[in-house]
């Protein structure tokens, strides 16, 4: 199967922007994406299972099983605003091969829905937390890069690992545009402050005001989910390994 | 090939339940499944070979070679009772990718035969043996979870690795229902007592009385098979490794 | 591509027997197969390249490059004798997945040519060399096992790793018959004596007399080839690792 | 996808020669290929992304993202001269499987364009730099080998790892001809001197004079690109590992 996609609806969308929000360093993307889904009452229209996900089920408090999965949601907005597609999930793929397949599949799906712009979110590992975290970006092209810099980001220096980087790189090869938004974070735990800055920056870009009263609660929800997945612990343990080996944690 | 399936018969079955019984911790599922096959004179109707199985042959006492293989059996029961499909084998797949392919293939096959319910069996590693082992479950949905709890199980907490977890997780994504039944076991050797409790619980669920006089003999048969496969030894050696690395032993 | 097969001829053969002779412990199979090819003037009719072979080229004395490859040869014999298909090569596949794909592909090809019997050859690692090495076998079925025992072999106890085991195991699943012939060998270097005993046993089985005057020369040819491939050295180094990790060296 | 190929033009070419120039030891091939592309104003006509490339994006000074990618360029030359196809990229594939797929795909593409000759370039690791580096070659056949020797190369002894070796080995299996040109290099940094000798040798073979005034600048460009990719550093670190593990660095 490699990637098994189940599309339940093909929504008509207005020039939609894909927002990538899979788990990674500081879970910045994951918190931001889940918060957008909840606050904007996003509608799930596709789910993706990959043979490159971990082969287990995790249990929730009520006993029901949860699988590694990726999901796509859409948000219709008022006229004159670009609609949103939100890429959310509880895992990235475990292998390089799986990451390419997963990312290529998602770009194929959203491109068919008229999407030609990707914003990926990631954490940028920093040893110490800062009240005002640095924001960095890399883009598919110079014009989009200018847009990203105008949002208050600095030029990212270095490699952007995992889906956050791959989605922008592959977007370029798909003749799409987009940028990766990276936020400083110590990275070991879900970082609600970094997510707040990510949401603010995306809000500025998309002219989108999202109430953040419940953001802390969203972060805790991510934390509980991740604990059952063993991801939070995993990251602490991974800390000892070389940064290059943290393959999919941005 | 990935998974090569050889289906020799497509039996007409009455609302069948799939019972997963591959080797894992304590070989609880494996003993239970083989015992059901023998006592209920189950009929083999499919065999599956995967490129993700180990590439060797093992020898039996009489010199004939045995390959890593998975098999599907069916059992027709008296009117008013759900028929059974039993998923038996001497191995799980060696890689995450192979596990997904194998499990997805089996669910496809049984779903085509009208099956919409999966019971997976597994051992839950505990340091010491107990005369009355704890029983745990996780389910695809709350209603099924209630059914599982009513059978005397407690809510499973944590990850369910390997096919035991994957089959319930993928069942949910296949729009099937089911639960995973996990039994406390020290896990190093075929655990006939844990298998007995698994069989009793499944018997209660399916209204199925199975004579257990020969269960010890079945367990010994599994043990001999596993010794030739080197699996029993492997598990003892694996014990030293981290639990997460025991990838397919539940 | 996984396996790219180039078939240059589909020979009509009389009830042919497949003789597997890939490199492995003691290179017993490899020497025996090459010797049969040379002495019986076998004709190459297929070559197979797999993405699971090592990605390099090795050089020969005259500067020409040699790739990892598998080849199939046929030998037509006098009336009343079964023809031969010889499976020769300078490598096995590097991964379990590749081994299954390779072996399945070869069995598909030969089965289409009417072959229903496989003899695989392997070395059985023993710490010390013996003038008269032990011979062991495992077979697809009891009748074939009896045939193998009548040739002077003993029942093999344990796992038969790599293509030697896989080819007999998969043969059974292909509804073919066959046996694996294993010869005691210290295993670090091409073992001409073990190859001699393998050839004698196969000769007895197939009523085939092959001149062995040039066997030492064949063994040296294998040795030179293997040295350029770095295989001989590799095996010595591998010696330090656990036997289970010697994945494809039987 | 394994390899996703995007062909933007199918140029008509005169008996073209493929020149392989992916990153490897000393980046000899990479510098030479990029220099040919720039000096001969080669035209890009295909790009290839593989699921076996690293899953990240790297950033450039202006903030734009760069993905692991391979590209094919063509050069039309004056009448009577063979045209060129240049295989350039910033990475090889990360796995053996990916290398075979990538190389097979490129050979398929160029063969369809009438190409039947491959020249691969590589560095041959030597502990010390030499003003006049040794040149070695291995070829698909004796006639081509003679051509390569006549260019002033010596017979290569040993394995040619990675695409440099694989492309010549697979060329032979594609019924194409060609040779691998290997140049002594200490190998840790882009080696402009080794690239110069490679270009001179290829120039002699193809009757092609290329201005080398800007070669140092090309080498620095490769160096900057590689530093952002982390490849230069990687190689230094890899140095400590066994040479066999330097899988794709020739």
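Per-chain residue numbering starts at 1, and chain names A, B, C and D are given in the order in which the chains are listed.
Following the convention adopted for this analysis, a contact is a pair of C-beta atoms (placed from the backbone, for glycine too) under 8 Å apart; a residue touches a chain by one contact, two chains touch by 3 or more.
These numbers were taken from a predicted model, which means no experiment stands behind them.
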If you fit chain C onto chain D using the CA atoms, what's the rotation angle, as a multiple of 5 degrees? 90
Pick same or different for copies chain A and chain D, depending on whether their interface residues overlap by over half. different
Per the centroid of Cα atoms for each chain, what is the distance between chain B and chain C, given in Å? 36
Distance between chain centroids, defined by C-alpha means - chain A, chain C (Å): 51
Where chain B touches two or more other chains simultaneously, the residues are none
Residues of chain B defined as touching chain A within the complex: 96-97, 99-101, 103-104, 137-142, 145, 148-149, 155-163, 165-166, 168-170, 172-173, 180, 244, 247-248
Within the complex, which stretch of chain C touches chain D? 1, 4, 6, 47, 49-59, 61-69, 94-95, 98, 228-230
